[in-house]
Amino acid sequence: MKIGKATQVRSGICTSNAQAIIVRGHNLSDELIGQINFADHFHLLLTGRMPDAATSAVLNATLVAIAEHGMVPSIQAARMTLAAAPEAMQGAVAAGLLGAGSVVLGSSETAGRLFLRVEEEAKNHGGDLQAAAHAVVTDLRAKRQPIPGYGHPEHKERDPRVDALFAVSLKAGAPQKYVEIAKIIEGVIPGIVGRDLKLNVSAAIPAVLLDVGFPVNALKGVPILARTASLIAHLNEEIADPIGFALAYQATREQEYTGSVPAGFKPE
Amino acid sequence: MKIGKATQVRSGICTSNAQAIIVRGHNLSDELIGQINFADHFHLLLTGRMPDAATSAVLNATLVAIAEHGMVPSIQAARMTLAAAPEAMQGAVAAGLLGAGSVVLGSSETAGRLFLRVEEEAKNHGGDLQAAAHAVVTDLRAKRQPIPGYGHPEHKERDPRVDALFAVSLKAGAPQKYVEIAKIIEGVIPGIVGRDLKLNVSAAIPAVLLDVGFPVNALKGVPILARTASLIAHLNEEIADPIGFALAYQATREQEYTGSVPAGFKPE
Amino acid sequence: MKIGKATQVRSGICTSNAQAIIVRGHNLSDELIGQINFADHFHLLLTGRMPDAATSAVLNATLVAIAEHGMVPSIQAARMTLAAAPEAMQGAVAAGLLGAGSVVLGSSETAGRLFLRVEEEAKNHGGDLQAAAHAVVTDLRAKRQPIPGYGHPEHKERDPRVDALFAVSLKAGAPQKYVEIAKIIEGVIPGIVGRDLKLNVSAAIPAVLLDVGFPVNALKGVPILARTASLIAHLNEEIADPIGFALAYQATREQEYTGSVPAGFKPE
Amino acid sequence: MKIGKATQVRSGICTSNAQAIIVRGHNLSDELIGQINFADHFHLLLTGRMPDAATSAVLNATLVAIAEHGMVPSIQAARMTLAAAPEAMQGAVAAGLLGAGSVVLGSSETAGRLFLRVEEEAKNHGGDLQAAAHAVVTDLRAKRQPIPGYGHPEHKERDPRVDALFAVSLKAGAPQKYVEIAKIIEGVIPGIVGRDLKLNVSAAIPAVLLDVGFPVNALKGVPILARTASLIAHLNEEIADPIGFALAYQATREQEYTGSVPAGFKPE
């Protein structure tokens, strides 16, 4: 069945013959293996460009920053899945990644789009980013929409990873345009929202990445890739010291049943 | 419901308070972000140990080597999934990873277990790895089981990534015990199997990783993590230049229907 | 870590003790197994209510209608996944379901929401559904949004499953309010869009289901459940007569590489 | 890239032209929608055969029996996934199904294979099923392998669903060969294992299904399809009354951190 109009299959990422695998124009075995680190290879795969030193520093830092944050829901889902299906580590990783959605890890992308919107809006304000940020945040509030990347359930102060990422970006000599926009938004929030909502790591990541030219459509890929590393670490721990079923047991110890029961049924 | 005996939830990977996130004993913001590359962070998460220079070189090289190999089935599955469900990049990545199974990417782990088995078997042969490899491969053939990590559908010569990985390992000064075992197995195959089955990248990866102390239970995690990077690159390309439905169309252009039809039905 | 405010775990679907499993107030073993068909059980699980005869007829008919439509992308993804990971049928089913997204199967839900919107909009037109449909479709066109559930890539005439579902609904004595709305929308489209876009099966399904009180939030669950049956059938065929890798091969036979290559590289 | 030898794409399940969709030789709109229930359609898709009355009764009963069993790990994984990624119900269903693995729901298939093995083994014992069951269970014990489908964490007595399924099968007039084998195995276990391990629902399902000719390779599909219905019900409840994050919170309230911390770090 034909869906849509396109029928030609094409891609610019990889080709190969019997002797060589070519990735983004480079011979994989001769020019890439042993020559570049994994995050740089990710950048090359994604953009077709070798990252410069600043980009490499920033991308590695964001991946390190977002990889691990304890026994979050997606890690729990993955560990329960491995306990139930130990034959398929890939399934447990997949179950964990499926929780990288709009509520939890997706705000890296939506925060990035917020910065681009403020940048665009500034054109209506003679380039004044402050005024643009004010207009955009005011509009979000009017529509009762969240401000992605601001506020955190645990860290009421600014998440310490934010300052660390900004320091890496600055030290690496990366442009600071989106970092500036991110901070300006943080600054206008109290006046509009009525309380502090500090920049969190999901805003810092797109800020420093957009500043080194990372593609906005792939922003969500950064927490996905980073979290995959963490998932594998937790699954390796799960194999050695299983808690998957213990998590499920603990979760329901105080569960309440809100439905009806037949006459004579006695709960345990 | 309680399944199994364990009820205590515990983990040694991460803890946090309002000020700091501690990963494997290190303060994430102060000691890790901006200080180590992503693959090294993966190693730390997984093992609790900072990798030494040789381990870092080898691990980065394996991740680069296995990340991308063109429009393989799992990439196709992911691109078709994104075309159908563009709202959920995480779902498309998950669909791609679900193909990292025993037939395609799983042989990194099974080849690693083969090397450990040869090492163990050598104890029955006075430490003679050659004799041990002969015994193990002979046993696999007798049971009509495959020799994981040997042979490749496209590369009849030794896959060029193999030599590249071995060169990285040697140059980095890593131990060469499992590399040696991998080569010994390659050497005994023709005499037992009756034809050359060259070491492929799925054998080279566990060989160089086991030599730097990488945990065997996590070997499958290396192609999974690497392939995630490639999946994100392909999905970013899919957003810009969609071929997901074209792949599905091309795949079925010459499809044959082998079932029956009602009287009067005319195929198109 | 606490995310959000809710900490109490509760559910009204199932409870059990050592003697009995209670589902929605019914003893599973005594009152349900062997007493009701699977689709009716699905309805009970979902709504807490036993379906009446009309609801049972309509729900079964929709599940039959949407289960199978040939070698669609999600079936291809599942079959390629099983070929690569035969140890995990659940992973192949999951890979297939991940393509039940907004573009392909999700329009059952979005079409249902469209009908509810027209019903709501009619309040602004003195109950005139024709006027309401005209207003809503005009608004969708002005915003260049698609009209979910109308038009089909292959069936230029009205999809024959539509008439079949409407006939089932009518014969079962189900209310016809949303069926009427669905037809009214079909009628106003040519005047606004400039061409016929016939009601397709993704509009017929929510129309007949909303008419028997099916919950709008679960509309997407109908194609998901139905497609699961089809996925299992295809995976059973894949085990007996594998085509997973053949699909991937065919898909790329005419693939074009749009990137660069190093000097001296000769494509095959 | 070509993997394996097969290049021809073929399938016997479905074909279509602009007027009709043909499923297993039947016109979907004219002969199936509104004519057969969903479970029967699943059987037709899977086997190419319309089920007789006994098969329909048994298949519907097994799907009802295994659909729901409370807040099991896979349901928790799905609800946490929906909480984190509400934009993709299909992802939450997929996350739940990924836990339908060898430990939890997979024993329907492995128990089915056990029955076939006992049937085969009986040929070595002059058709004596008792002797065959004794030999097979003895062999499993010698290899320290589990006896799939026997024993249950909560129900020390025989699971009430077992008797219900056997009663459906008998009343429907289905053959009783595999039901008999299942009971014979239950009978020999105490003498070999030293304690009662009662037939559980994962053994009763394949017993009654194999007796109506259900394909062994698709046995795992029955709990997968059934559990999909339950997952959708739980996800619909999750949308109305969210507990996904509460589950994750409860699961870790008493979590112990077993790793080290930097000097000065104070746990909360």
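To keep things simple, chains are lettered A, B, C and D as they appear, and every chain counts its residues starting from 1.
FYI, contacts are C-beta pairs under 8 Å (C-beta built on N, C-alpha and C of every residue); 3 or more make two chains touch, one makes a residue touch a chain.
Since the model is a prediction, treat every value here as computed from it, not as a measurement.
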item	value
Of B-D and C-D, pair with higher C-beta contact tally	C-D
Remotest chain, chain C as reference, centres from CA atoms	B
Chain B-chain C separation of Cα centroids, rounded to whole Å	35
Chain B-chain D separation of Cα centroids, rounded to whole Å	29
Interchain centroid distance [CA atoms averaged], chain C/chain D, Å	23
Multi-partner residues of chain A (each touching 2 or more other chains)	1-4, 8-15, 18, 20, 69-73, 83, 85, 87-88, 90-91, 94-95, 98-101, 104-105, 154, 245, 247-248, 250-252, 254-255
Of chain D, residues touching chain B in the complex	1-4, 8-15, 17-18, 20, 22, 24-27, 31, 48, 69-73, 85, 87-88, 90-91, 94, 104, 153-154, 251-252, 254-262, 265-268
Of all residues in chain B, those that touch chain A in their complex	1-4, 6-16, 18-21, 23, 28-30, 32-34, 36-39, 41-42, 45-46, 57, 59-61, 63-65, 67-71, 83, 88-91, 93-95, 97-101, 105, 154-157, 160-161, 163-165, 167-168, 171, 215, 217-218, 220-221, 224-226, 228-230, 232-237, 239-243, 245-250, 252
Of all residues in chain C, those that touch chain B in their complex	16, 71-74, 76-77, 80-81, 83-88, 91-92, 94-95, 98-106, 244-245, 247-248, 250-255
